[in-house]
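For reference, the structures are reproduced in the following blocks.
Each of the next two complexes has chain A plus one more chain, namely chain B in the first and chain C in the second.
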Partner chain A sequence: MVKEIERFGLPVVHVCTVVPISMTVGANRIVPAVAIPHPFGNPALDVKEEKALRRKLVEKAMKALQTEIETQTVIE
Partner chain B sequence: MAKKKVVHYLNQFFAGIGGEEKADMPPELREGVIGPGMALNTALGEEAEIVATIVCGDSYFNENPEISKQKILEMIKPFEPDLFLAGPAFNAGRYGVACATVAWLVQEELKIPALTGMYIENPGADLFRKAVYIVETGNSAATMRKAVPGMVSLAKKLLHGEPIGLPAEEGYIPRGIRRNVFKEERGSRRAVNMLLAKLKGDDYQTEYAMPDFDRVPPADAVGDLSHLKIALVTSGGIVPKTNPDRVESSSASKFGKYSIEGVEDLTAEEYETAHGGYDPVYANEDPDRVMPLDVLRDMEREGIIGHIHEFFYSTVGNGTSVGNSRAFGIRIGKELREAGVDAVLLTST
Partner chain C sequence: MKLELGKVFIEDVQFGESTHLDGRILVIDHAELLEAVSGDEHLWKIRVDLAHPGESVRITPVKDVIEPRVKVKGHGGIFPGMLSKVDTVGNGRTHAMKNVAVVTAGKVVGFQEGIIDMSGIGADYTPFSKTHNVVITAEPKAGIKPHDHEAALRTLGLKAAAYLGQAVKDVEPDEIKTYETLAPREAAQLYPELPRVGYVYMLQTQGLLHDTYVYGVDAKKIVPTIMYPTEIMDGAIVSGNCVSACDKNPTYVHLNNPIIEDLYEEHGKTLNFMGVIITNENVTLADKERSSNWTAKLTEFLGLDGAIVSQEGFGNPDTDLIMNCRKIEEKGIKTVIVTDEYAGRDGASQSLADADPKANAVITNGNANEVIVLPPMNRLIGTTAYVDSCAGGFDGSLRSDGSIEVEIQAITGATNETGFVHLSADAY
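Let's turn to the complex of A and B:
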């Protein structure tokens, strides 16, 4: 899906936990996530901390969309 | 003659420990044979036996690859096995990645022949097909009975150090290895014969398959987000409660498109996940953990992001075929383009 959407000229940031799978499916901008069942959260944290963690990850993803790249890149 | 020793790798599911709720279990060593190991062991017959089974949760392995690899190697080493078997993993993505990674590791680090089995579209196959023998299986565990003989026949050859034939003969996924052989006919004649067969529409087999590098060049980065429209897409199965479009929990044949106009937060009352390939507890408690709409709305309000696209798109990436995923991507990409979306956040579990 990532690849086909990007083919329309839209930059896609793929936020996922298993980075090697993202590489094989051909995502270009890859941001590693927290965990498989909760990529944008951590149930061990309290609600406020968890939202702060999510905010950080979304900001990272938005930054990835603003990053010029030549080839598949994992943006930490 | 003493039986040769085999160590086997399984995930939590095939080991009979549990489903997704147990997918976070760290590697464990079990003496003897478990689950699909029984059929493999029987087929190995008098020559070899499975002496131990390593069991590891699929999520644990993929979230903690380094520590898992190290622990698993330490567990295998003392057995000094003659062969290592993993799976088969069929079309289970995380399991396939784990099987192939461990097989490769055992082969490289312990210098022990290793073998796994999975469906051709499993991401584990793509990652390691060149490095390890991966027997091609069907896409579900319903094909176990077919998978076992294929794995065991190759396993026996590896145990005996016998030469391994061509992928099509032995049933493994092509590794891209080329070996010099003598042919009756010289190259020019073979090439012309192939061309003639092609012109006639007959079957022919290329001697050098061209690699398929289907990569899309990265789209240009975006500038200031405050004027842009961002869309949300997920393969994590987030859908309105009751899953109105009945997006399948695995092998999805469709995606859903849902308006989030006026929605500030994905709540447990209104949304849930349809995904059957991970423990849904956390996503159902707070679907923002899979698709972070709450945070995006904050950023929209703060003027950091111009606009969140009115619709989000969602499917289930769980054994869903490459063909379906491609078709979904084309339809979604086209719609997003036409809707004037500037960039996409795609989330996966």
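Let's turn to the complex of A and C:
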């Protein structure tokens, strides 16, 4: 899906836990996620902490979307 | 460490007055077996059924399959850290009851698969259609938490296998095989001209119904470590997982791991089998990196020339497999990886979720997406209520006549990644 949307001309950020698979399938902008069962959150945190974590991840992804890249890049 | 494994080949299983062997027929005292496995506050309505090879019987959903074993001589008892105390096992003598399996069945959480057909085409796809199965089901008590339910069913199966194992304790085995592994320094001197080969044993560790236990420890909490292979034959590794049942290792497979068997078979002939490195398949990238780093480090530490790496499961563990392969190869140690495939129903899709040019020696145990039609069976142990929503199933999988159209990934052990199966593939 990442590749097909990019082929259409829109930049895509792939937020995913297993970065090597994302690299193998050819995503260009990759943001590492939390864990496979809960990529965008962490049930071990309390509500406030988890909201902060989620916001940080989304903001990082938004920034990655605007970042100029030359090759496949992992944005930590 | 040296273990004598005595095998007692059983020809039939029946209920009777007391649990004992009558020649090579296992007679089970039904009431005594129930007494031996009961006592868990989370379960009730425990039921025992027998299912024999060739019968028109379907068992589903299957949780675990366990071979009855008993420790005869040496340290500790069977299933250390789970049933017995945590003594280090793997030496002395153990008796195994061949051709018999304890099967625990029944729903634990949500959707769940694992089908064993005792006859018909489905029987060809599971190794557990050839065993006389003592099938145990139990109902959970109201309000039970899923993790407690899983632990209770897991223990129930182990208890039954340990109870039945007692019946072969004082029996002269039909066959005795001796397995010995020395400490690395002595082992390396034993056959200096032969390549030193180790086995990297990947254990599924991804959460509820996806876990494995080592001496009672949840393996997602371990860092990779070294084991004598004979420890595993005494039940040091126990299954807590059964989802997408085709490529999960039931406890039976841990006890009878064919890669370990074959490495011992070749030990001193074509190779020098140095031992087993166990590792996990966790759900965060940091865990995957750490564990594969440690696995590679331990192959170097053992002075290996080559390693066989087997996977358990599919999807994100493909990355653990490839990381292990790549990092071991980067140490100058050759690898063979043993896996299965999810190549789509037509077999045309990419087989693994991850890949690397260093993974140039691969053994596959079949394509789990292959579709099969399982004929109706006369008797059902468990329930088929979840077939439509199980992994490999789809809306309409369960037909009105009782037949099931499903991917073979729903069949227990169909594409087992230790090679405990008949499926494989050739490259053209």
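The definition used in the following text is that the second predicted complex is superposed on the first by the 76 of 76 C-alpha atoms of A that agree within 3 Å, B and C clash if a C-alpha of one lies under 4 Å from a C-alpha of the other, contacts with A are read in each partner's own complex, and residues count from 1 in each chain.
Methods note: contacts are C-beta pairs under 8 Å (C-beta built on N, C-alpha and C of every residue); 3 or more make two chains touch, one makes a residue touch a chain.
What you are looking at is a predicted structure, and each value in this text was computed from that prediction instead of being measured.
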Chain B versus chain C, judged by how many residues of chain A each one touches: B
Chain B versus chain C as contact partner of A:Arg55, first or second or both or neither: first
Chain B versus chain C as contact partner of A:Leu65, first or second or both or neither: first
First (chain B), second (chain C), both or neither touched by A:Pro11: first
First (chain B), second (chain C), both or neither touched by A:Pro32: second
Partner chain in contact with A:Pro20 - chain B first, chain C second, else both or neither: both
Residues of chain A at both interfaces, chain B in one complex, chain C in the other: 17-18, 20-21, 24, 35-37
Residues of chain B touching chain A in the complex: 20, 23, 59, 62-63, 93-94, 97, 123, 126-127, 214-223, 225, 230, 233, 235-236, 278-283, 285-286, 288-292, 294-296, 298-299, 304-305, 315, 317, 325-326, 328-330, 332-334, 336-337, 341-349
Partner chain C, residues of chain A touching it in the complex: 17-21, 24, 32, 34-37
Parts of chain A lying in touch with chain B, wherever the complex brings them together: 1-18, 20-22, 24-29, 33, 35-41, 43, 51, 54-55, 57-59, 61-62, 65-73
Chain A partner contacts - residues on chain C that touch it in the complex: 206-207, 283-285, 288, 316, 318-319, 322-323, 353-355
